[in-house]
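Heads up, the next two complexes both have chain A, just with different partners, chain B and then chain C.
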Partner chain A sequence: MNEPILTGEGLYKLIPQRPPIVMVDSFFEADAESATTGLTILPNNIFCLDGQLQEPGLIEHVAQSAAAFAGYAPYTRGESPKLGFIGEVKKFKIMRLPEVNEQLVTTLKVLGEAAGVTLISAQTNAGEETVATCQMKIFIKE
Partner chain B sequence: MLIKDYYTIEGTSHTGDNTHIFHIRLNPECTVYQGHFPGEPVSPGVCNIQMLKELAEQVAGKRLFMSNLNLCRLTTLVTPQAHPTMSATLTLDEKDGTYKLRATLGKDEEIYLEMKAELN
Partner chain C sequence: MEKNELIEKINEVLAEEFEIEVADITPEANIKETLQLDSLSLVDMVALIESEFGVKIKSSELINIQTFAALYDFVNDNQK
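What follows is the complex of A and B.
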């Protein structure tokens, strides 16, 4: 894996979410149709319970990964991130809940785009192991 | 409750075989709104999904793991100011330890969120 393009509070240039609900801490790479993001699960994460990241935390991580991806092109043009909202989540399969201190790496692929709606597929890994896969529709508020 | 003070249950009712209705009030003081979004509070869709999962756990009487969120449509942008109260309607069917959940969140005739999931 290459060094991330942005880390930590650097992600605030790509997403409008702020603590306590920031669920991406690394933006590794992006081209027109795909992106790779990351999150190390800290013990104080708002979605952690009994040492594990709970289901909504995984879903929000993917949603914010998509928001960061949507924010990357405006960022390269010097613009602020736009608000993005989940419109639909489909086939969000969770193999296991990740543990505190594991690093999630999520690969997104754009499946289609129309009228402010982006359809993406995502795969989230912890190490070599896939922990979640899904499809998601994201609306970007202009 | 995973997200502390996100909501309160103001009442419940039970209709038919497996259908449970919960009357919900969102708490605009919940800390999640400090970041979602600063100065523009919007209820995170995933917090509403989590709320429906917790209500399903209450119906099932045990902790559940959501292995598959088959489909979730979020059709209304929910804010604690514009949408302080709402109803959650859940249908939960259990077979061989796997629960199939169908749930909607809304008020009167308007649906804010609908989802289908498998939990175990």
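What follows is the complex of A and C.
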């Protein structure tokens, strides 16, 4: 994995969330069709219970990863991120709940675009192991 | 892939994805009405065509693809 392009508070340039609900701490790479983000699960993460990141936390991580992906292109042009909405989450599969101190790496890919809606796939890994996959539809308000 | 074979395959994957009968698909039928697509689900068809046939449909091109016949022609003309 390459060094991140953005980390920590640098991510605030891409996403609207602020602590304690920030669920992406690294933005590794992106092009027009894909992006990779990361999150190290800290013990004080508000989505953790009994040392594990719970399902809503995984979904929020993927949603914020998608938001960061959508915000990256405007950021490179020196523009503010545009307002985006998640239109649908589907095929969400969680293989296991990640543990505190594990680093999640999520790869997003654009599957298609139509009528202002972008369909993306997301795969979240902890090390070599895939812990979650899903598809999301994102609508960006122009 | 020959065009007849391509048409058969397109109908098959669309019918399966959008849970309709292949017999409901005719060349002159309107795609959105037949597949019951709305502004959110239209992208599912675009993604399916790209994944199954390797043909990307841009939003600007989608405007001209209203019927299945137009879709068959577009995929046939743009297959690699």
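Just so we're on the same page, the second predicted complex is superposed on the first by the 141 of 142 C-alpha atoms of A that agree within 3 Å, B and C clash if a C-alpha of one lies under 4 Å from a C-alpha of the other, contacts with A are read in each partner's own complex, and residues count from 1 in each chain.
Here is the rule we use: a contact is a pair of C-beta atoms (placed from the backbone, for glycine too) under 8 Å apart; a residue touches a chain by one contact, two chains touch by 3 or more.
Predicted, not measured: the structure shown is a model, and the values here were computed from it.
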Partner chain in contact with A:11 - chain B first, chain C second, else both or neither: neither
Superposed model, chain A: greater residue contact from chain B or chain C: B
Touched partner set for A:87, first chain B, second chain C, both or neither: both
Partner chain in contact with A:68 - chain B first, chain C second, else both or neither: neither
Touching partner for A:111 - first (chain B), second (chain C), both, neither: second
Partner chain in contact with A:21 - chain B first, chain C second, else both or neither: first
Touching partner for A:56 - first (chain B), second (chain C), both, neither: first
Touching partner for A:47 - first (chain B), second (chain C), both, neither: first
Which of chain B and chain C A:119 touches, first, second, both or neither: second
Those residues of chain A which chain B touches in one complex and chain C touches in the other: 87-88
In the complex with chain C, residue positions of chain A that touch it: 87-88, 111-119, 137
Interfacial residue positions of chain B with respect to chain A in the complex: 2-3, 31-32, 34-38, 40, 42, 44-47, 49-50, 53, 65-74, 77
Residues of chain C defined as touching chain A within the complex: 39-40, 42-48, 50-51, 57, 59, 62
Chain A to chain B touching residues, read off their complex: 16-22, 46-47, 49, 54-57, 59-60, 63, 83, 85-94, 97, 134
